[in-house]
Amino acid sequence: MVDEGRRPLAGATLGKDRMEAFSDGVLAIAITLLVLDLAVRPPGSPLHQFLRAWPAYVAYLVAFLSIGAAWLAHNGLTDRMDRVDPLFLRLNLLFLLAVSFLPFPTRLVAEALERSTDWKRLGAVVFGLTMLVIRLLFAAMGRYARRGGLRHPREDDPDYQEAHKKFRGAAIAYVVSIAIGFVVPLVSILAYFAIAIFLVVPFRAVWGELFRKSSA
Amino acid sequence: MVDEGRRPLAGATLGKDRMEAFSDGVLAIAITLLVLDLAVRPPGSPLHQFLRAWPAYVAYLVAFLSIGAAWLAHNGLTDRMDRVDPLFLRLNLLFLLAVSFLPFPTRLVAEALERSTDWKRLGAVVFGLTMLVIRLLFAAMGRYARRGGLRHPREDDPDYQEAHKKFRGAAIAYVVSIAIGFVVPLVSILAYFAIAIFLVVPFRAVWGELFRKSSA
Amino acid sequence: MVDEGRRPLAGATLGKDRMEAFSDGVLAIAITLLVLDLAVRPPGSPLHQFLRAWPAYVAYLVAFLSIGAAWLAHNGLTDRMDRVDPLFLRLNLLFLLAVSFLPFPTRLVAEALERSTDWKRLGAVVFGLTMLVIRLLFAAMGRYARRGGLRHPREDDPDYQEAHKKFRGAAIAYVVSIAIGFVVPLVSILAYFAIAIFLVVPFRAVWGELFRKSSA
Amino acid sequence: MVDEGRRPLAGATLGKDRMEAFSDGVLAIAITLLVLDLAVRPPGSPLHQFLRAWPAYVAYLVAFLSIGAAWLAHNGLTDRMDRVDPLFLRLNLLFLLAVSFLPFPTRLVAEALERSTDWKRLGAVVFGLTMLVIRLLFAAMGRYARRGGLRHPREDDPDYQEAHKKFRGAAIAYVVSIAIGFVVPLVSILAYFAIAIFLVVPFRAVWGELFRKSSA
């Protein structure tokens, strides 16, 4: 890797730019395609049909926040990188594979919420496993970037520290939720919701915001 | 690389670039997915079937202009920002959640236009509420950016002033239209159309353009 | 427009960048969504069903090349622009509205090719009118950019000159094809194919390429 | 703005940027649309229905990796280019046409895997031909870029060399696989899987990584 230091930085940065653009594209599409699965559910009055589709709204919200959290994490990771290398691009591709697969388990969960426990179990486990794989691939990307010197060393940034700790917590939470999913799938779906909210809400920043407000 | 000591800002700008790229992606997809709901409506001659689909065209146009107005406003907001911070990224994510949800109420409106008043009421209210939420989240983003010093102070720009005033007007107009929607839903759907056109047409610029033309 | 010259160029360029990113997004999605309408057509052997879907392939190809030509033209126009202004952004939005509508007439044409003449007439006329509107909006954007001083003056570029002449020719060709579409719709669909190819093939560059090759 | 006299190059670079952005968009959408074809297959228990959809998963994986490989290759090609020209933009458009067509053969393969040999043959041959066309168009782009001086000469880069050799190998492998597809289509579908993995895995980098690890 020593002679890689001579690599013109412009070219390397371009590679990073396109990786970000492609990733933003895949994530944006995966997150926006979710709406195609929303539909009113007969029978009943219009309002009744609209409200009867609540499982689809729940699944939509969980999946949207989960992909949103993945985007935020991806953003946080590559923001600290100076360049990418061939292996990192492939890890990123696997990461995108897992994320772009998510609309399918989302549909499973949406349909499962009004079907038998067996369906709920299937939906809960497949959704959880997909999120766990996303999480593990992301960890692999972060580890590889750090080991390969692709990331410049400002890891004392508290926002980064919070994100790092959160994602380790999330991985454990997904494993536990999947295990729960085999027994009481509904609880694990609620857990995915909680994890997604936990990942997206920047507690430190919100805290700072509240503090700033009260001391102003 | 010597002046990389200024990096914090560069990094922050990168974050802004990706936020814009991701937002552009989600908005572009939401606006383009709308076409999937267009289809001729049997029975009748080809031309008759094509024209009978007018509710879908109206809904398509209203939604396209509404998302277009949201993009223009987003553009106007971030254009004046130097950087983003974790909280702003999350507010933006919620904003995108509301925008990417819009194709669903659009479908409701399209289908409602040829169904009972109950359906029209549902479509009109859900569409209006979604637009109002988009509007309020956008206001929250603007307020947060201003308070947090993320925006640089060129707010005397008359184009910006016009956009600002318009969006406050739009929020009120949406509240009124939703209220009307409970009683005469068709009127409120027409109102959404009018609001979208009002938001998209840059009256000041058009006026300037006409004036320049006549004085040339 | 004189005091607009004091406008920081960075901000103006950002606005242009996002307009391009958003336009690229909408055009890329519109061009890629076309594939969703491809499907084999029973009955018959697999190969027979595959080949029986030829109308969908023809419509796919015509629409892909037409949107591709629109992207190339958009690229050629904004490449010469230093900045954008509020009115230009709105014209661009209307342009995108027309382009993102195109998958619907494309579906009409694909279905019409194996239905009655009335269906072919509808498909041919609606597709042609959409292309004509795209063409006229594009002309309006070009004219506005030139009049408003948004474009810097290198219009002696022969590639630009060729594109300009081609697009004026295309507008006339679309008008003629639409008129033909009322009488013999199949001919006008073939004409759209020919126009799209005519717009996409860069005759001057191909000529130069062939010449360079033979003189090398 | 003083050194804007060099503008021709800046303009050309802009053209390259937009070509990359548009290509990233089309590739990202094509790769993400694949998920729309995933669905459980009745009858049976939930798990049974989920597993019965394995042909769709295989096709999804093969297509995702194949488009991913195309993106990596495109990235590698344009990364070394200083500018684009009109002909290159058109070649790129044809390349995108072939890539954005791929979801259709992918669906054919997914459906064929549980149907008669005739269907498998059709799926295998159409998928293989599409991949071969993508491959040949990509070779044409590379050759044109080299001949036209659009690419700057750092072809001694071993990563590039590996990519180049791999893609020549892939073209031959696709021709052989298509021929096999006429006789034993299932084998050729497995071959497409193997080729995609072969294209995506960066053997040289993995090797270097393993070597570095063991010598650290």
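Letters A, B, C and D mark the chains as written, and numbering starts fresh at 1 in each.
Here, a residue touches a chain if its C-beta (ideal position, glycine included) is under 8 Å from a C-beta of that chain, and two chains touch if they have at least 3 such contacts.
Just so it is clear, the model here is predicted, and its values are computed rather than measured.
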item: Same-site or different-site touching of chain B by its copy chain C, using the half cut; value: different
item: Chain whose mean Cα position lies farthest from chain B; value: D
item: For chain B paired with chain D, centre-to-centre distance based on mean C-alpha positions, whole Å; value: 35
item: CA centroid of chain C to CA centroid of chain D, Å; value: 25
item: Per-residue multi-chain contacts in chain D, two or more chains; value: 21, 25, 28-29, 33, 36
item: Chain B to chain C touching residues, read off their complex; value: 20-21, 24-25, 27-29, 31-36, 38-40, 45-47, 50, 60-61, 64-65, 68, 71-72, 75, 78-80, 159, 200-202, 204-206, 209, 212
item: Chain A to chain D touching residues, read off their complex; value: 1, 11, 14-15, 18-19, 21-22, 25-26, 28-30, 33, 36, 85-87, 89-90, 93, 96-97, 100-104, 107-108, 112, 116, 118-119, 121-122, 126
